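Alright, structures below, take your time with them.
Two complexes, one shared chain (chain A), two partners (chain B, chain C).
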Partner chain A sequence: MSEPERPAAPNASDAAGRPKIGVDEWVASAEERHERSRGLGGLVSRGWEGSPAEAKLIVFVALASTLPFWMNEGELFSYGLYTLLYALLALGLNIVVGFAGLLDLGYVAFYGFGAYGYALFSSNHYGLHWQAEASIPLIVLGTAAVGLILGLASRRLLGDYLAIVTLFFAQAFVAFVNNSNPKVAGEGLTGGPNGIPGVDPLNFFGFKLHSTKQYYFFLLIVFSLAAVGLYFLNNSRTGRAWRALREDPLAAEAMSIPVNRLKILAFMFGAGTAGLTGTIFAAIQTGVVAGNFDVALLITIYAIVILGGLGSIAGVLFGAIVINVSTQFLAPSNDHPELKRWLFYGAILLIAAKIRPWSRTAAVFVGTAAFGFVVHAIASGISSDWTNGTVVDAGSAASAIRNWVIVPSGHTGFQTWAYIVLVAAIVVTSQLKGWWRMAALIPTLYWVAVVWENVLVQQSAVTALILFGVLLIALMQARPQGLLGTARVEIV
Partner chain B sequence: MHLPLLNIIDTVRQLGWGGAFELLRNGIVLGSVYALIALGYTMVYGILKLLNFAHGDIYMVGAFLGYGVLSILGGPLAPTIAMVPLILLMFLGGMLGSGVLGVVVERFAYRPLRNAPRIAPLISALGVSFFLANSALLLTHGERFNYAMYQLGGDPNTGLPGPLNQPAFSVAGRPVTVVQVLVVSTSIALMIALTLLVSRTRLGKAMRATSYDREAASMMGIDTDRVIASTFFIGSVLAGAAGVMFGLYIGETYYLMGFLAGLKAFTAAVVGGIGSIPGAMVGGLLIGVTEAYAAGYVGGQWSDVAVFGILILFMLLRPSGLFGAKTIQKV
Partner chain C sequence: MPMLLRLSGVNTYYGQIHILTDVDLEVAEGELVCLLGGNASGKSTTLKTVIGIVEPRTGTVEFAGEDVTGKNTSYRIKQGMAIVPENRRLFAPMTVRENLEMGAYLLGRAKKEDFERVYSLFPLLHERRNQLAGTLSGGEQQMVAMGRALMSQPKLLLMDEPSMGLAPILVERNFEIIKQVHEAGVAVLVVEQNANISLSIADRGYVLQTGRVVLTGPAKDLLEHEDLKKAYLGR
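On to the complex of A and B.
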């Protein structure tokens, strides 16, 4: 079978991933498409690209609707409900960053505006108990208006300045909410550091949502509607103009696209979506505090949007599932503590399995296992307190870990040094080439396990945040367009 | 009824001229720390057009490294070695460690993205910042480490001030302590050294050429990758020094201190005109003094908002800053 003649791109010999200058997007990605169309992965990706958007939505909604029937209440809350909440929040960020290409680091503040707005209108705080059908549209419009103000103030700023101004805006929002408690109608406006407790559940025309299941289905409906709306928005005249703005603001302006108006519009749509998500968040949490709207949330949402692919709606959903499920696995309150261990070692194995050829992969795995036993034997030979520490949350794998990983007890400072050595080892390993790298990989992989058992597993919530930071750095280099996004092509 | 403005006027009256001087003094000391951080921002921005979010966290690491040297050599109750070499070693440890960290960060997070769209290194920088801050949280368990515990600032048992907190001289009856003089003079010395480096040496010339036009500079035989790495090293060394100075002055280090300080230092760089070295110094002092007066007259919790207000004002009225040249966007 002869394959059809592919048009050769002018710089086809370039490694994939570099900006392909001077070629059409379709031609530029021909190499990549050809590469992908083989094997099982190719089948999946062709099926994905070939199926219409409506079918994807229907399949997703059908799958998501089954969740409440095989999960218990707690699992549905942390895995189902929060995934949808994050996905909805990330959809709004996707408008600003993904569609319009504006690096908005104050996005979480709009989420906070929405949450505080709902808490003010529907709680015992002022004794206002508005119905949700009245308060939610009002809050969404109000948050969009705040987005309009921020957009107006920063419409002339280029990328980096915009980032810093919006980041400061988020900081000022938290400072205001935490410190300012001006008296309005005899009550503090924001409740200061204590926040506003006792927020009503969502109440539409007298019908109260009170179970996790009801909230889940409500969020599923809201998310689907928002996704459909954004799909049409993205393919509209405005969406195309946003893409032009994202690719090259100067060229867009030269093409008489109203750049400033589009920036402000993107800010408003993003802010409105964040406000909507905030109202639902406040109702689910039955309370708001300023600590909910910090930089950690911002990074999580960015990780979702970037992992899934900037500008892709399905990507946002995918990113939200991956990020939220791994966060929940790593959360200290997880019911199945051994899961986080499986997740971590599984991820390490997957990354290590990228080594080619297979014989090397096998050699590294066998070598790491043997290395571990040797180090363990030496350490326990020196002194028993190098190996008799307690393994946290081990579950069924406890004895295997005990005999392989050194877990010292009573050596203060070991954790700090172990972590620093790990970072240094990864830095060194990545700089080596060929066989040296293979040789360095074995102790590094073993040390990953040591640090995981001694340091990371004990503070797994912080670990999740560290891994998100690493994920952002790694993704920018390996696949800046994310998993489902389209690569940017520079056309000269 | 209490109007906030009346409160401010009352506070100004209560504090009087002496209080105003004290605030000015605190502002100048704090401002010279910001100015040192801002120099790193402005140099990296000048050469790469990259907003290095991780710079504030490198400053935080510098403060922790200084604390590390102090805790090893300082002894829990009295310094085991003499005071002056101890402080010199703290500066050396903080500056070298931060410098190496800055080079490693550049090598791993920014160099592979040299020709990527502008947003990619920004997000990468965000990731580095988050990674560094949370690594510090992981290793310190969110604890605040106190330099004063180690006998530089005073005796915790008797409450007597240590040699660093003795007044060096006084103005209008208000003391200026040794550590304040130390902070301001060190930062002035470092700024002079940096200015000389940039204007008089071969490396400085290469840095100026690279920041003017990277492609042309590399065609003239300048190893731009190396120049950029040295820029990161120098900027991070200054941030490390700022970290140690802040630790000596305020006495406290914790994992989140880099984030806000970084934001304020960037504001200082913007106010002074980004890319301009004297601008960063003036901007740093302006931000420090503003913050001190806002904290003294309005309330400590509002100092961040005051700095934010200055940033917005400059963005709207003079986006190129005090010393910055107006840039024209070219295709």
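On to the complex of A and C.
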């Protein structure tokens, strides 16, 4: 019997391409060791990373310019104009939260300042009808000054403390505007709960913007300019110092970076951008009320910035498109109710398609479909009133849904129970592992559809919020840095 | 040699806890001084008092002939202090070059000569200048941290535990670099637990024990000191 072959002595193995002992070179070769993403996704992501920022902007502007030619006025207003408005607003928040890492929950108040400022200077309220070229710069500077004051007051605060102070500021703004309404020049300053109606359209040197199309192109130009400006700002020394401040405030201070001044500067830039967006918003709405600047808007804007990726300008735009378009799809007044359904089932399919390997994905889909028909057959066998409810706004997919999802009629309380069962099913599924999870996923997915058809599709305003929440949770699990954000790399 | 840094009768508190008791400490221009002591002996607090992150309740901190007690950190850095913080605290998602740039933030736009001076001390950093600092190894990060502090052309370099978390060979390499920086004319105050290696390159040393200076003298003598040998050198 021969001895088993011994591995060669370590110092004899240099020729075999093994690393030498005591010589670490792999950090130097980090670039070559970078994993290349493959397939179509890899091609897209490499193309995205490889193309310069100017090219991205040009492609976006070119695509965005075609919108007015194939959308009607209403669609352009809700999909085009509002997406750009949100994107511009989120750009400003991105300076404060994304670049400088300051958790500013008072951001919408600056938006309100801008909107109310424009409404005071250019409306029938005081009879001042200032031209936009005079009032907008004045209001932007004024809002930045308010940002300076808030920044000064909270310059020593970070994290949770800053969040509390700024949230108070936002709430104080809404409360003041709603309730205080002090008399100035014989007229209530803010109009109280009625707001200020009759705001002028934007009027530059006598040229009035009056159609949605004109506002859309105006906003596209403003957004592009703001994005370019912020791109350069982020790549300036100040931008880098903001990043240093965001990463490690104490180290930044020990490096003598003027932390307080930079924080205030970030607040001012953010506030100015919000003020600018506010003026345009007031002109588009032709009126302002305090309810426009509440916490719901703040959450939407934060969702945009987080979804897109903190600190990424392209991400902000992407987030604004996703959030605004899905909000508009789910809006109760949407003319195309079937879009809600496409959005919902599309999102479910996308999430389920993350299952690997593919055979398992297919098994789950087929299983869910079969499970549905079986449950439907059993339910209708028990009693026909379990399946003869009305399917809401189904359009072309109505018959498919009617034969697959159980929609009972006359069973009061079913909606509530369905909802509770869904939550329980999701919790159970998330706790299981391996094949058990796959098995539990099939009834859970089916039940998601049941709850959607019975509860959510009828209450789309609530659904929109739930969908945002689910979207953000799923995203934070899959990509904590947001869609276009940069992942943190630390090999320590 | 004229004195660069002088702490006299410094008492520092964290809230109601008395940390430093009557600490006197001096660093002359171009001198390499090490501050030794075990855990919780007040080493880092001394350093924080020097740079101005905490203020002493009594006593004074003089730097370059000026009383800087009560002045903030950025003022002291402007006067010529620089710090390499404990655990390095680099800006991980920024490149090596951007990290260096932040070191000279106070002096306006970072100058080419400053980069070149740092790159000539650490040629490796020039190779890695566009790499993210977070992707470097521990030893390389230490170089970035030192380079970042040297960007502002300090008269006095403060180093908090430079050997922490490094392989023995890197610790030696590190102290060679400290020596090199010192030979270039910069005064250095090193806070260390590794008494052996820091005393071997230092001119003078201080030993702290529960917030008091218990021993001071030329590094040669301290290396031979019986108590110190027993306590720190393990011989």
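Methods note: the second predicted complex is superposed on the first by the 450 of 492 C-alpha atoms of A that agree within 3 Å, B and C clash if a C-alpha of one lies under 4 Å from a C-alpha of the other, contacts with A are read in each partner's own complex, and residues count from 1 in each chain.
Please note the rule applied: a residue touches a chain if its C-beta (ideal position, glycine included) is under 8 Å from a C-beta of that chain, and two chains touch if they have at least 3 such contacts.
Here the structure is a predicted model, which means the values were calculated and not measured.
Chemist: Which partner does A:T463 contact after superposing on A: first (chain B), second (chain C), both, neither?
Modeler: first
Chemist: Of the partners chain B and chain C, which touch A:P258 in the superposed model: first, second, both, neither?
Modeler: After superposing on A, A:P258 lies in contact with chain C but is clear of chain B.
Chemist: Mind working out whether A:A347 is in touch with chain B, chain C, both or neither, as first, second, both or neither?
Modeler: neither
Chemist: Which partner, chain B or chain C, touches the larger number of chain A residues?
Modeler: Partner with more touched residues of chain A: B.
Chemist: Quick one: is A:V295 in contact with chain B, with chain C, with both, or with neither? Answer first, second, both or neither.
Modeler: In the superposed model, A:V295 contacts chain B only, not chain C.
Chemist: Please work out whether A:A53 is in contact with chain B alone, chain C alone, both, or neither, and reply first, second, both or neither.
Modeler: neither
Chemist: Thinking of the overlay built on chain A, is A:L250 touched by chain B (first), by chain C (second), by both, or by neither?
Modeler: A:L250 contacts both chain B and chain C.
Chemist: Which positions of chain A sit in both the chain B and the chain C interface?
Modeler: After superposing on chain A, chain A residues 250-251, 488 contact both chain B and chain C.
Chemist: Within their complex, state which residues of chain C touch chain A.
Modeler: The touching residues are 51, 53, 73-74, 77-78, 83, 85, 89-94, 98, 101-103, 105-106, 109, 127-128, 131-132, 134-138, 140-141, 148-149, 152.
Chemist: Touching residues of chain B toward chain A in the complex: what are they?
Modeler: 45, 49-51, 104, 108-109, 112-113, 115-124, 126-132, 134-135, 137-139, 141, 259-260, 263, 266-267, 270, 299, 301-302, 304-305, 307-308, 311-312, 315-316, 319, 329, 331
Chemist: Using the touch rule from the top, collect the residues of chain A that touch chain C in their complex.
Modeler: 24, 27-28, 30, 237, 240-241, 243-244, 247-248, 250-258, 486, 488-492
Chemist: Touching residues of chain A toward chain B in the complex: what are they?
Modeler: Residues 18-19, 97, 101, 103, 105, 153-154, 156-161, 163-165, 167-169, 171-172, 175-176, 178-179, 250-251, 295, 299, 302, 306, 415-416, 419, 423, 427, 430, 455-456, 459, 462-463, 465-466, 468-473, 476-477, 480, 488.
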